[in-house]
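Structure below; questions to follow.
As written, the chains take the letters A, B and C, and residue 1 is the first residue of each chain.
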Amino acid sequence: MSLNTDFMVKVAQTAIQGVPVTLQIVLVALVIAFPIGILFALIRIYRVKGLQRLVQFYVSLVRGTPIIAQILIVYSAFPSLLNMIIGRAAFAINPIYYAYIVFTLNAIATLTEVFRSALQTVDKGQMEAGLMVGMQPRQTFWRIILPQALISALPNIANTTLYLIKNSSLAFIMSVKDITAIAKTEAAFNYNFLEAYLVVWVYYLIICYAAEVVFYLLERYFSKYRRPIKKTSGFNWLPFGIKQPKLERKQS
Amino acid sequence: MLTIEGLKKSYAGNDILKGISIDVNKGDVISIIGPSGSGKTTLLRTMTTLEEADGGHLTFAGVDKDFEKLTGKEVNTIRRNVGFVFQNYNLFNNKTALQNITEGLIVARKVKKSEAEKIALKALERVGLTDRKNHYPSQLSGGQQQRVGIARAIALNPEVIFFDEPTSALDPELVGEVLKVMQDLASSGTTMVVVTHQMSFARDVSNRVIFMADGHIVEQGAPKAIFEKPSEQRTKKFLTDILANV
Amino acid sequence: MENIKLIINFLGQLLPAINITLIVSVSSIILGSLLGLLLAAARLSESVVLRVLASVYVSVVRATPAIIMIFVVYYGMPMLFNDWFHTNIDGWNRMYFVIIALTVLFSAPVSEIMRSAYESIAKGQMEAGLMVGMTPFQTLYRIILPQAFVVALPNFANSVINLLKEGALTFTIGVVDMVAKAQMIVANNSGGYAWQTYCALALIYWVISLAIDKGVSQVEKSYQAKRKTIAV
């Protein structure tokens, strides 16, 4: 096989400028979607009248449609929407904001489900114990329930992050200059598409694996309370990332 | 000190508690016994407002009111003055043994952290677990967890502590250590209401035994009377069955 | 109101292209499941080499964006075939490339689902089956697989929906599927009615996803009903 390795090196050097863009999209989406996801999960769990239907509808809609369709809708609807509000300036907006919108909307739906199932794994005895030592439901939720839920959600939050990282590769459709977009432009000069995409592939593998390591460490650090003393589970380096999210629930 | 009258509770049309009246005096150690499904857990949970009652009157900690008319504030008052020890411990999983005890003191009672830790350590000492103060619940045996559960309740110094079958989730060899702690509590004058299947505790430690069946109190009295010459046929049958199975 | 009429109109224009989506999805589901089965078998096999290879495969695929997989297959396979088999596959129907890429993408999660379903059932049940005198094959076929199927079904459905959504990237290598069609419609209207067109597109996918979910919960219900009647 004759891959143009010089070209690959060159693409690797230019495409690396897209890495921060990709990370930025993922982080912004996660940070904004996190609290909203918790809120939506609570709405679902406590069956808040009116809102619960709405959240359910939203989650189902986002989950049931391809991200590309969501991108196309946001990218075509928002500029004219904004145009009505802020006038012509809307068309000069950096397209990365559209990426933020799409991926945040997307992450909210996923995280809602993640938090919903995580909150449900926390035994209701924890709330009762809190009430019986005189704490308010709200205090018990923040101090006892939510921390436990977040930790048991970590594997699924990791999955959500991986999805976001991978899906962010479609940001180029909104002319965001991310890794994929840069490589694509480079490749178009003399049709070295395969080389360019191989480089991009490696970048995504690195980013995804790095994210997995980060989440592995987070999980290790935060779930110290779930580990019986001494018995530590070693990191599974070889097939890493294949561990299934386990929503184990400590039954006492 | 604590009086309930005509306490009623039903789930989905099934009457579980059909008018229960109990009088708890200071220093009482009351054992509630009865067949499975007779409503013992429900009784404790409604008395402590974990579950809403459908009817009945409560006199406790300055509250003198029908259950259904309790305000949020009064519910708080009641909860502040009772302790609860759960069948499956319900320790806060994300907190160490010590933090399990200080949590309520600091957050609900607004006790200073250093003060709370002093109180907590004293409570842990009473249940013999000072050396496990930094362990998480998952790192403790069932018996140790339940002792922390008891320490958590006594640290708040409540008027009365309720126990819902505190030993029935435990392996047989761990039952003893928990019963011993409860016995110490009883002899130090703590007011206790204990749902139990441990007939030895009911007979030897408590000063009153209540036998419940089908949402009624069938019979109550001194342990000696209940165990040696029960006046009701159902009590006799229950005791013969359960003692035969020990 | 106006918009709803528009969307309905666009639905009518998009729907004929649905067969591309269906062909691509169904072929990838079938091929991907077969590949997934092989992978699961490899993960469960005695051979360390097979196990390691299969797990590396799964973890790499799991970290690969769908669009990159499609591009790499589309641009890479002709080159591979040219160099190794001296065959020219440039003329292949482009759908084949998408099907291959999606098959690879689908096989990884499916192998994991199959494996964990098998593991969750196999332990006690195989022994129980052997003890009552069934052969290992009979036990597998009559006892383990039916139960594993029920365990795996919701996750499998989830993966199918993901595959369906990833299949919406078919247009990126020039196959005229619903997405490409939608873009053409927008272009023909010189950019007008864009969001209505894309909403129609999203609606079609949503209905398919809902149908899959509905089907799965139906099957699950019927299984639970069976269990109950046995349990009485």
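In this section, a residue touches a chain if its C-beta (ideal position, glycine included) is under 8 Å from a C-beta of that chain, and two chains touch if they have at least 3 such contacts.
Every value quoted in this text rests on a predicted model; they were computed, and no experiment measured them.
Asks: If you tally contacting C-beta pairs, which pair wins, A-C or A-B?
Replies: Contact tally favours A-C.
Asks: Using CA atom means as chain centres, which chain is nearest the centre of all the protein shown?
Replies: A
Asks: Just how far, in Å, is the C-alpha centre of chain C from the one of chain B?
Replies: 54
Asks: Measuring from the mean C-alpha position of chain A to the mean C-alpha position of chain C, what distance in angstrom results?
Replies: Chain centres of chain A and chain C, defined by C-alpha means, are spaced 21 Å apart.
Asks: Find the geometric centre of each of chain A and chain B from their Cα atoms only, then give the gap between the two centres in Å, rounded to an integer.
Replies: So the centroids are 45 Å from each other.
Asks: Any chance you could list the residues of chain C touching two or more other chains?
Replies: Residues of chain C never touch two or more of the other chains.
Asks: Which chain B residues sit where two or more other chains touch them?
Replies: none
Asks: Note which residues of chain B are touching chain A in the complex, please.
Replies: Interface residues on chain B, with respect to chain A: 48, 50, 76, 79-80, 82-84, 86, 88-96, 103-104, 107-109, 135-139, 142, 145, 152-153, 156, 169.
Asks: Spell out the residues on chain A that touch chain B in their complex, using ranges where they run on.
Replies: Per the stated touch rule, the residues are 123, 125-126, 128-136, 139, 143-144, 147-148, 151, 224-229, 250, 252.
Asks: Going by the contact rule set out above, which residues of chain A touch chain C in the complex?
Replies: 1-2, 60-61, 63-70, 72-73, 76-77, 162, 165-167, 169-170, 180, 193-194, 197-198, 200-201, 204-205, 208-209, 212, 238-242, 244
Asks: Spell out the residues on chain C that touch chain A in their complex, using ranges where they run on.
Replies: 52, 55-56, 58-60, 62-68, 71-72, 75-76, 79-80, 83, 112, 116, 161, 164-169, 179, 182-183, 186, 194-195, 198-199, 201-202, 205-206, 208-210
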